[in-house]
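Look at the two complexes coming up: subunit A is in both, with subunit B in one and subunit C in the other.
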Partner chain A sequence: MSGATSAFSHQGPVNIAFGALIVLLYVFLMAPLVMIVGASFTGGLLIDFPPQGLSLKWYFEFFERRDLVDGLLMSLRIGAITAVVTMTVAMMAALAGQVLSGRLSGWFQLGMTLPLLVPELLTAVGLLFFLYKIELGKTVVGLQMGHILMSFPYAYVSIAAAMRQVPASLEEASASLGATGWQTFRLVILPLVMPGLAMGGIFAFINSFDLYTISLLLKPLGGNTLPLALFDFLTYEFKPTAAAAATLSILLSILGVAIVQKLVGLQRAF
Partner chain B sequence: MATVEVRDLRKRYHNFLALDGVSLKAESGQLVTLLGPSGCGKSTTLRCLAGFLEPNGGEITVEGVSILSTPANRRGFGVVFQNYALFPHMTVAENIGYGLKLQKVSKSELTTRVNEVMDLVRLGGLGDRLPREVSGGQQQRVALARALVLKPKLLLLDEPLANLDARLRDEVRWLIRDLQQQSGITAFYVTHDQSEAMAMSDMVAVMKAGRVAQFATPREIYQKPTERYVADFTGEANFLPCTDVTPHGEGHYSIAAAGTTLDLDGVPGIAAGAPAELLLRPEALELTAPEAGTFRGIVTKSAFLGSALHCEITLPDDSVLKLSAEPNTPVTKGDTVGIAIDRSHAWLMPEVAP
Partner chain C sequence: MRLPNPRLLLAIPAIALIFVFMILPITNMAEMSFRTTGTKDPFGEDYTLAHYLRIFGDTYYWGVLLRSLLTAATVTVLCLLVSYPIAWHMSKAKGMKAVFLYACIASPLMTGVLVRNFGWMIVAALNGPLNETLMALGIIERPLRLLFTQGLVILALVHVFVPFMVLPINNALRNISPTLIEASTAMGATRRDVFRDIILPLSFPGIYPGVILVYVLAVAAFVTPALLGGQMVSYMPTLIIGELTGTFQWPFGSALAIVLSLSTVVVVAIFTALTAKLMERSKA
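And now, the complex of A and B:
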């Protein structure tokens, strides 16, 4: 490994090419974000880059649009509930997965991540039929259930990874010192998996905030999430209000990452 | 503090029999070592004692009362783990005070008792550090302190020295033994290191494939092993096949080995003519002039080790004896020498299937 690295550092052209590739990759990842953020501050009437003059008017416009603000509030609410529920359930699932042995544990893991593997559209259609059967079709509760289902694997993967870092001997040590199962969980396991748990919750929130397909099928009568509202909006109007909404979403994600960094440090979360 | 008895303990994993009837007894205040190679069931026995594993059969009693239905957190035993199992998010003092905090003792008493035990294991001044900020030997002492501060009825130690380097191992070993004897706590100690077992224990159980091969004092285990497996595991040993075994009363025999007849002691109950082996520890053998010894052989290897001269001598029947001679003994490879046997260090054992 060190040989390969030193080979790179000694050969100028290879090094430069490698650096250029990295830059290109970042440009590819960041360009859409830069464009959309830039466009949101335009003084013109159309989504455009570079922006024509600087203004915050599209942000005011966004907050004056009843449909978009309602969508934002609904997305925030559903995302928050999704984060709390998935964190709780995924924590329990990770604890359960821990006691399973070898092959069973593998199947369990696979089962928990199934919503990632099955196409979202299929899950959505299946869930739609099911929700109609139990008379929750086209309700907020139904939509909430769909979001929890689709976001659960993200929380689970993050929390299960954190759980695997906690040696079983810590639980045994805690028990031998007189702790009940609950005390061991609260005093030993929970503090140690906290970074993974927080990260899982934020993943679940961001994922829920972003879901489109399943929201489209399950959306309650008269209610829209932000992605749905934005799509409706863009169908008829190509105004920078959409760019302002997108910028706000990006800000929300950055806020989430910042919270993790503040609470537990990013290094420990991954 | 407590007499602990294990009777006919059995544990099965799927189709692997980890414990096949283990019986042991620790008198109050004794340190009992479970000695054996990996997979012999020594750790499984300890984990059953701790309550981390439920045996499939058998009984464990403390002061005559069964503890099998008591969960680990109510047994009141201290456990010291091979990897220390310190809580990484708590300071040294918080780790040690963990059990006391669960018992809801007052803050002032907690501080007093934690400080007391930290002095006892020489951790003074390290209370505010995190486990990863102290050395391996110190981590081991934290683990020990964390268990001892609760004044447990029984102390269980699972290879506590395995992750330490040789110098520290010696230091912590004596610390453990001193603390155990001072406090009079009954202790079980798991190890695969025979010298550790010899030096520390009141009693040693040599384990073999889920059973106790021999349960006795370190001296008996070494000098009077019941079978070759035990002799092999407890130190350097020479074995010679014997013929013409003739018992003369309980535990006394005359035999023929390598062309000589010998009178010696051995495991009681070997029948006349039964297959048996002669155990000769290196210290039972002494080099002599060729005509003076019990055996005569040719030196096939000699190595100067500083404090001793290590020799291997091939007897006429091709069996090889290893011994330690006085370092200035003038022998070289190819010499014909005699070997004198100290009969008090020779021991006859029945041949047992491995």
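And now, the complex of A and C:
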């Protein structure tokens, strides 16, 4: 470091090394996703990157596989119900959380995000026993409840963050002009928190779509979600069809990221 | 006395959801771990300490527990080393570049763990891109068998958890005022001094939650070892799920889960105690 007299000569090599490191780290982050998308378009018979020629045949193959398509449909259905229920429950909880202050508010936040902080494995094992006891073991309803629970914090965090941006004075003004609580909510608060609410729904849907461990333990008789079906497929067949299925899942998450950017901006969302 | 705000009633469905479908079931699991082994049902009527005695008396379970705790610690340290430069670089970015970098962190985060692990199966295949790159660079002569090794499990877990570490550290770094760094540089501090005395302690409020979250989630990660670990080595989560779904030993599986959770809490407590000084400095 003898060249420290000139800031330029000192920083040059360090910055170049740092830049190379950053590029390498992003390659590490993106490589697995890029490989999957690439492998899904292969014209060959093996999962391989770079792909052997280009074709869409593995997508056709995917849509001809009953087990995978049934899994996809089940995941979409459970995800949609999860999104609607968590958005409603989280909206109500966020409205209630607004009137708390100080330490109580902190505890409330913590409680609402518990399913995110406790490992999925523990919740899944506990739920397996509990659903068996209340005779909902191995039913779609039980699995649905597990997904709602696990996705709730994502909806709550997004909606609560949006609620914090609404100035309290607006509510007071609305009330002093004679609006009922419901009118204030529908005409003042709801339009303002709409982007946050939508984002919460998207996060909840995507989280539900991706859940594996809890679905494995709670899976209903004869029903598979897409990740469960994909795991079995990878274990027994390992064909590019799996890459096509995984690409659909990646597209969904990229779509989610794009919508979130449009709605609230990624920087504020994360 | 002031009456509680009636709006609080709106929290009832959320509290009920978390209490009934999470707190109650986990309490239930703790109780289950003391049940006797059932003959007809997955568990018996009476209570016993036998499952815990069996775990503590068998070095096999000690070994698996230790492997799980150490693997998670390795994953956490590597995760921190990978995430810190990314978070640093991200915290400096503005405008469209920042949006792009956030998208690069958010897209893997929002893609399922199973899908991302599958990506590593392609990367690490015998004639896959990783082996071919290493051979082209002359680092290895023959392709390495990477699939179904502990190394790949660790690599894939780091990949899964990097976003969880990057985001809080990035937020902490963004809160450091640039004037603080300029002032200390002007007073003759070297880059290394600035990093050690200002940036590192002030970013600790982001490092701490990141480390805890990644460790807790990594200890209990099931999908990655199940898909990429192969049959040769066991981790606690694969063992637990095996007891529950394979052999239907619910009480014993619960006891394993409780032992795993308590060990995790102990590790987190030790980490918190060891870093208490750093945390204090960050507040000063």
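Going forward, the second predicted complex is superposed on the first by the 232 of 270 C-alpha atoms of A that agree within 3 Å, B and C clash if a C-alpha of one lies under 4 Å from a C-alpha of the other, contacts with A are read in each partner's own complex, and residues count from 1 in each chain.
One rule holds for everything that comes next: contacts are C-beta pairs under 8 Å (C-beta built on N, C-alpha and C of every residue); 3 or more make two chains touch, one makes a residue touch a chain.
A quick note: this is a predicted structure, and the numbers were derived from the prediction, not measured.
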{"item": "Which partner reaches more residues of subunit A (counting touched residues only), subunit B or subunit C", "value": "C"}
{"item": "Which of subunit B and subunit C A:Pro167 touches, first, second, both or neither", "value": "first"}
{"item": "Touched partner set for A:Pro119, first subunit B, second subunit C, both or neither", "value": "second"}
{"item": "Which of subunit B and subunit C A:Leu230 touches, first, second, both or neither", "value": "second"}
{"item": "Partner chain in contact with A:Leu263 - subunit B first, subunit C second, else both or neither", "value": "neither"}
{"item": "Which superposed partner A:Ser253 touches (first subunit B, second subunit C, both, neither)", "value": "second"}
{"item": "Partner chain(s) touched by A:Leu45 [first = subunit B, second = subunit C, both, neither]", "value": "neither"}
{"item": "Which of subunit B and subunit C A:Ala175 touches, first, second, both or neither", "value": "first"}
{"item": "Which superposed partner A:Val23 touches (first subunit B, second subunit C, both, neither)", "value": "neither"}
{"item": "Which of subunit B and subunit C A:Val188 touches, first, second, both or neither", "value": "first"}
{"item": "Residues of subunit A that touch subunit B when the two form their complex", "value": "167, 169-170, 172-180, 183, 187-188, 191-192"}
{"item": "Complex contacts: residues of subunit A adjacent to subunit C", "value": "18, 21-22, 25-26, 28-33, 35-36, 39, 47-50, 89-90, 92-93, 95-100, 108, 111-112, 114-115, 117-123, 125-130, 132-133, 145-146, 148-149, 152, 156, 181, 203, 206, 209-213, 216-217, 227, 230-231, 234-235, 238, 242-243, 246, 249-250, 253-254, 256-257, 260-261, 265-267, 269-270"}
{"item": "Complex interface listing, subunit C residues touching subunit A", "value": "5, 7-11, 13-15, 17-18, 21-29, 32, 42, 82, 85-86, 89, 98-99, 102-108, 110-116, 118-123, 125, 127-129, 159, 162, 167, 213, 216-217, 219-220, 222-223, 226-227, 237, 240-241, 244-245, 250, 253-254, 257, 261"}
{"item": "For the subunit B and subunit A complex, residues of the former touching the latter", "value": "50-52, 71-79, 81, 83, 85-89, 98-99, 102-103, 146-147, 150"}
